[in-house]
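What follows is a structure written as structure tokens; I'll ask about it next.
Note that the chains are named A, B, C and D in the order they appear, and that numbering of residues resets to 1 at the start of each chain.
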Amino acid sequence: MTLTPLTGVIPPVCTPLTPDREVDVPSLLRLVDHLVAGGVSGLFVLGSTSEAAYLPDRQRRLVVESVAAHVSGQLPVLAGAIDMTTARVLDHVASVTAAGADAVVVTAPFYARTHPAEIARHYRAVAAGSPVPVIAYDLPVAVHTKLPADVVLELAADGVLAGLKDSSGDLAAFRQVLTGARDHQGITGFSVLTGSELIVDAALALGADGTVPGLANVDPHGYVRMDRLCRSGDREEARAEQERLCALFGMVTVGDPARMGPGSSAIGAFKAALHLRGVIDCPATAEPQVPLSPDEVERVGKYLAAAGLL
Amino acid sequence: MTLTPLTGVIPPVCTPLTPDREVDVPSLLRLVDHLVAGGVSGLFVLGSTSEAAYLPDRQRRLVVESVAAHVSGQLPVLAGAIDMTTARVLDHVASVTAAGADAVVVTAPFYARTHPAEIARHYRAVAAGSPVPVIAYDLPVAVHTKLPADVVLELAADGVLAGLKDSSGDLAAFRQVLTGARDHQGITGFSVLTGSELIVDAALALGADGTVPGLANVDPHGYVRMDRLCRSGDREEARAEQERLCALFGMVTVGDPARMGPGSSAIGAFKAALHLRGVIDCPATAEPQVPLSPDEVERVGKYLAAAGLL
Amino acid sequence: MTLTPLTGVIPPVCTPLTPDREVDVPSLLRLVDHLVAGGVSGLFVLGSTSEAAYLPDRQRRLVVESVAAHVSGQLPVLAGAIDMTTARVLDHVASVTAAGADAVVVTAPFYARTHPAEIARHYRAVAAGSPVPVIAYDLPVAVHTKLPADVVLELAADGVLAGLKDSSGDLAAFRQVLTGARDHQGITGFSVLTGSELIVDAALALGADGTVPGLANVDPHGYVRMDRLCRSGDREEARAEQERLCALFGMVTVGDPARMGPGSSAIGAFKAALHLRGVIDCPATAEPQVPLSPDEVERVGKYLAAAGLL
Amino acid sequence: MTLTPLTGVIPPVCTPLTPDREVDVPSLLRLVDHLVAGGVSGLFVLGSTSEAAYLPDRQRRLVVESVAAHVSGQLPVLAGAIDMTTARVLDHVASVTAAGADAVVVTAPFYARTHPAEIARHYRAVAAGSPVPVIAYDLPVAVHTKLPADVVLELAADGVLAGLKDSSGDLAAFRQVLTGARDHQGITGFSVLTGSELIVDAALALGADGTVPGLANVDPHGYVRMDRLCRSGDREEARAEQERLCALFGMVTVGDPARMGPGSSAIGAFKAALHLRGVIDCPATAEPQVPLSPDEVERVGKYLAAAGLL
């Protein structure tokens, strides 16, 4: 099974919760509709922005089942299989593919200290046990290891990896994978995706296939518009659109750093924005994240208004 | 439900695997017998040395069930509930307590970026949902956050935490918890345990209640002897015993750092030693750890011989 | 005294040494001529690529005097004033400006643990004591602190900073300074320079004023050509030129990581390349850097040949 | 030239400043008298607690000259030669030994990224150029590298290093040097000193030769008393004294972390305490440290009062 290279905007889909922290499926499906209406070309569920790290297994499965059934093949559904090491990841792979995922997204091992040789071994074992393509997820802020470009390229050449979702923020290393994959005869159909939502225009100019911006939950039209501007060569307009989205992204800082971590603030802001925009019913985030205060939510609203989204 | 303070040696029990990476229950129970015969006063299953991060849920449960049934209340069984965030940890708490664990051992949130307020919130929610006492596990090398002493003491005073297992290596911070817990009127029965196997004598001299040394899998008698020497005030003999164990601990460096990470080397060495000593049937470690080479295993044997254990 | 925004290529000039580690002034001046012939628009001496951290004060001064006298105002000479804290930096500022520097380049405090408020205080005091404009040098790999964008912008608005040389590799944060400086009414003539030599095309597309690429020592023509292509809107050709330079940059990895650190390898490669190209007399690097082996130097030669530079 | 192993308490001497940030020599000499009266067995000037990172060269020299002349050989004067790399450190070595230092204290290279081979090369070159013994200074919080125990022991065996001042907080690694130095036939007269002021009793119990506690500026008698209690085997009384000093050390947290870094708070508290105790004339700290507020100084006073020092 292979994927043609993924292109366009493939947002990491937020997971709306009810006030008692159950998955709010109707809100989730409304969010999916909102994204599809915005023109996205795929969906990435159970990523970091989806609070995958917070969702117990039954909630993870429910998310994939609900979304896969809802879109029923109209666009690809990628699912995170986020866990510490190989055997645990393989259990998630089995679960999300049974639930309908078209590809899995997998980080380097974490919690356990790791090594490039162990990272390669990990992806080889996961790919051997996965019925769907495996996309590497480079997220040093979460797993505390940067995926080495040479390891990614070796695994791509061996057909182990079908793509890379790079959220490292290191555009020079991203470029190394991009040009390496392009110039290597043995690598075909490999999708190089950026998760760096503030420099999407730059990543596309370097040759990225597609983008996975968390902020696209809030403004999918904006990211889709920028993607099209980039592809049509309207780089100055793309830059202007990106800068508008960068300003909107400022919402992730509304949470008081004396009271909460940056994750609580960012996820809280995205969900508050989706709630204010009427897409989801409740802005609750999963435990142990600290909720935004009413004042902080009000500031999210101002970011939306400034971006013309309210 | 409360624990009187845990004392003595409570080793993090290795998880023997078969060549095809299933839990080798007979070897596990022989290892438990070996530890009990060595004089340990409790067992900690599903810790880092147990490869908890590598074991899928069904294997985790099998470990707890097997050990709890085998010791059937003769000594307390602590079980790690190692996962990223609150709801996922609570699922493990339910599983390991159903399987017979007497207490759960829980880290700060990881993968998700965290904050002291979120750490406190996490432990409060876990304790509220746990039928057994909760012991905090301070392991910055894995979770990339140090548990702040003031947070631990606040949670101890509020009855949220029943103890601390400190594997941070930071003895000054450990002392702050020790003296804080001792001097605070509202804190009773709080167990302060060190996982720093190379400075157990120092930790006990500061007032630690007990110790959780990974190397005690290999030489439980040594750690129990040292514990008794410390308690009886024979500090120079305790120091000599600790230094013998420090030399033995050198085995964790046998793995070639060009070929594997420090975890593969350390866990591989402990399991090779248990295999060489005839305690377990197979030294296999879980994927994606890199196995020791025959030469490296031979060097483990030399460490055992030098310590009088072969 | 103000600078109009610096534009074009302003290489951090290597410091050629004699075999006994004295500054080789004739080679240094030949290198300057090589860079000027390549079309650079300024020179940055005593940067990290210049081994400023390795040069004692008398060598630092000799470098600035020699270069400033040689170019005698034809193009601006920026000089690093690299030291741990305020008073020490001010001594370097006095020394390099007496020697003819047109601007000073200053990092956040290092060695001492620091804080945004202390970073701001540091730059304010340095600027108050400097007869020439002060450019902030963002180099987290060396100083272990990232300059916060809001601090940089506040200092720019207050006239404390005349520019930023960003070698953080974090293009999203770089963009925040770029757009912030552009959109703030109170900020004029502020130079935003990138030191990320592998993504210069991307940085210029975002609006960077100029570039400070270490690799431009080896191939100034390439960087100047790319700069012109970017400015004339030939983005695809600029990208091709950048990719050629990225391949050339591979030379920084020739040093065996078992035998030396990445700095020894990178500086050693640049100097070996300059020696092989006949620009400098001796490829020696300062102590305690480990020299490249003959084999490693030969590999540098292959990189040069592949890039058409030998 | 060799040192017999240094023993007892060798405080890193604070550097009193005048309100305009000049070295206040009369206060410095009163501080030295205060320390000598407290029973210290040596003095370490130009360490981190001395604000060496903040003092320009002429102030550094003045400190050494003043102190060396004042004690005129009654007790050894160690001086930091704190700089980034070899040649710069050698300039400081020349300066402080000309000013009368009996030994120099030198960190691993910093700012430049380093490697164990480069660290060894650094110490070999420094020792070759130093007329006095060289003591390694392990201070990862400042230089962002931990001195590997095997490198320290190799350099000790080769006569390159005369001692180690360990401020890493890693007591297990400290023990490795201690026992390695003790058991190696080729190592004689090597001084193993701890800078971890909160676990001095533990370090001495492990066999440390002496201690370098910053807090001994404030309470030299306390550290000298504890040192004597440890040596005479009164370990419980030593522990009680250490715990009293740990409580006193709490003063380092008085500074508001929203307003300053931990260094400003700690150095500010030590100097405020010395000022409140009447030892120095002015509590000023060097730029760009943020001064304590009057309220914060008042809290320092409460720590002194609680410890019976006001």
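One rule holds in what follows: a contact is a pair of C-beta atoms (placed from the backbone, for glycine too) under 8 Å apart; a residue touches a chain by one contact, two chains touch by 3 or more.
Keep in mind the model is a prediction, meaning the values are calculated, not measured.
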- prompt: Which chains lie in contact with each of chain C and chain D?
  reply: none
Field: A-C, B-D or C-D - pair sharing over half of the A-B contact pairs
entry: C-D
Message: Need the most distant chain from chain C, centre defined as the mean of C-alpha atoms.
response: B
Message: Distance between chain B and chain C based on Cα centroids, please, to the nearest Å.
response: 48
Message: What's the distance between the Cα centroids of chain B and chain D, rounded to whole Å?
response: 35
- request: Would you give the residues of chain C that are in contact with at least 2 other chains, written as numbers and ranges?
  value: none
Task: So, with touch as defined above, which chain pairs make the list?
output: A-B, A-C, B-D, C-D
Query: Hey, which residues of chain D end up touching chain B in the complex?
result: 169-172, 175-176, 179, 196, 198-199, 201-202, 205-206, 235, 239, 243, 246
- line: In the complex, chain B touches chain A at residues 21, 48, 53-57, 59, 82, 84-88, 90-91, 109-115, 117-119, 121-122, 125, 141-144, 259-264, 286-290
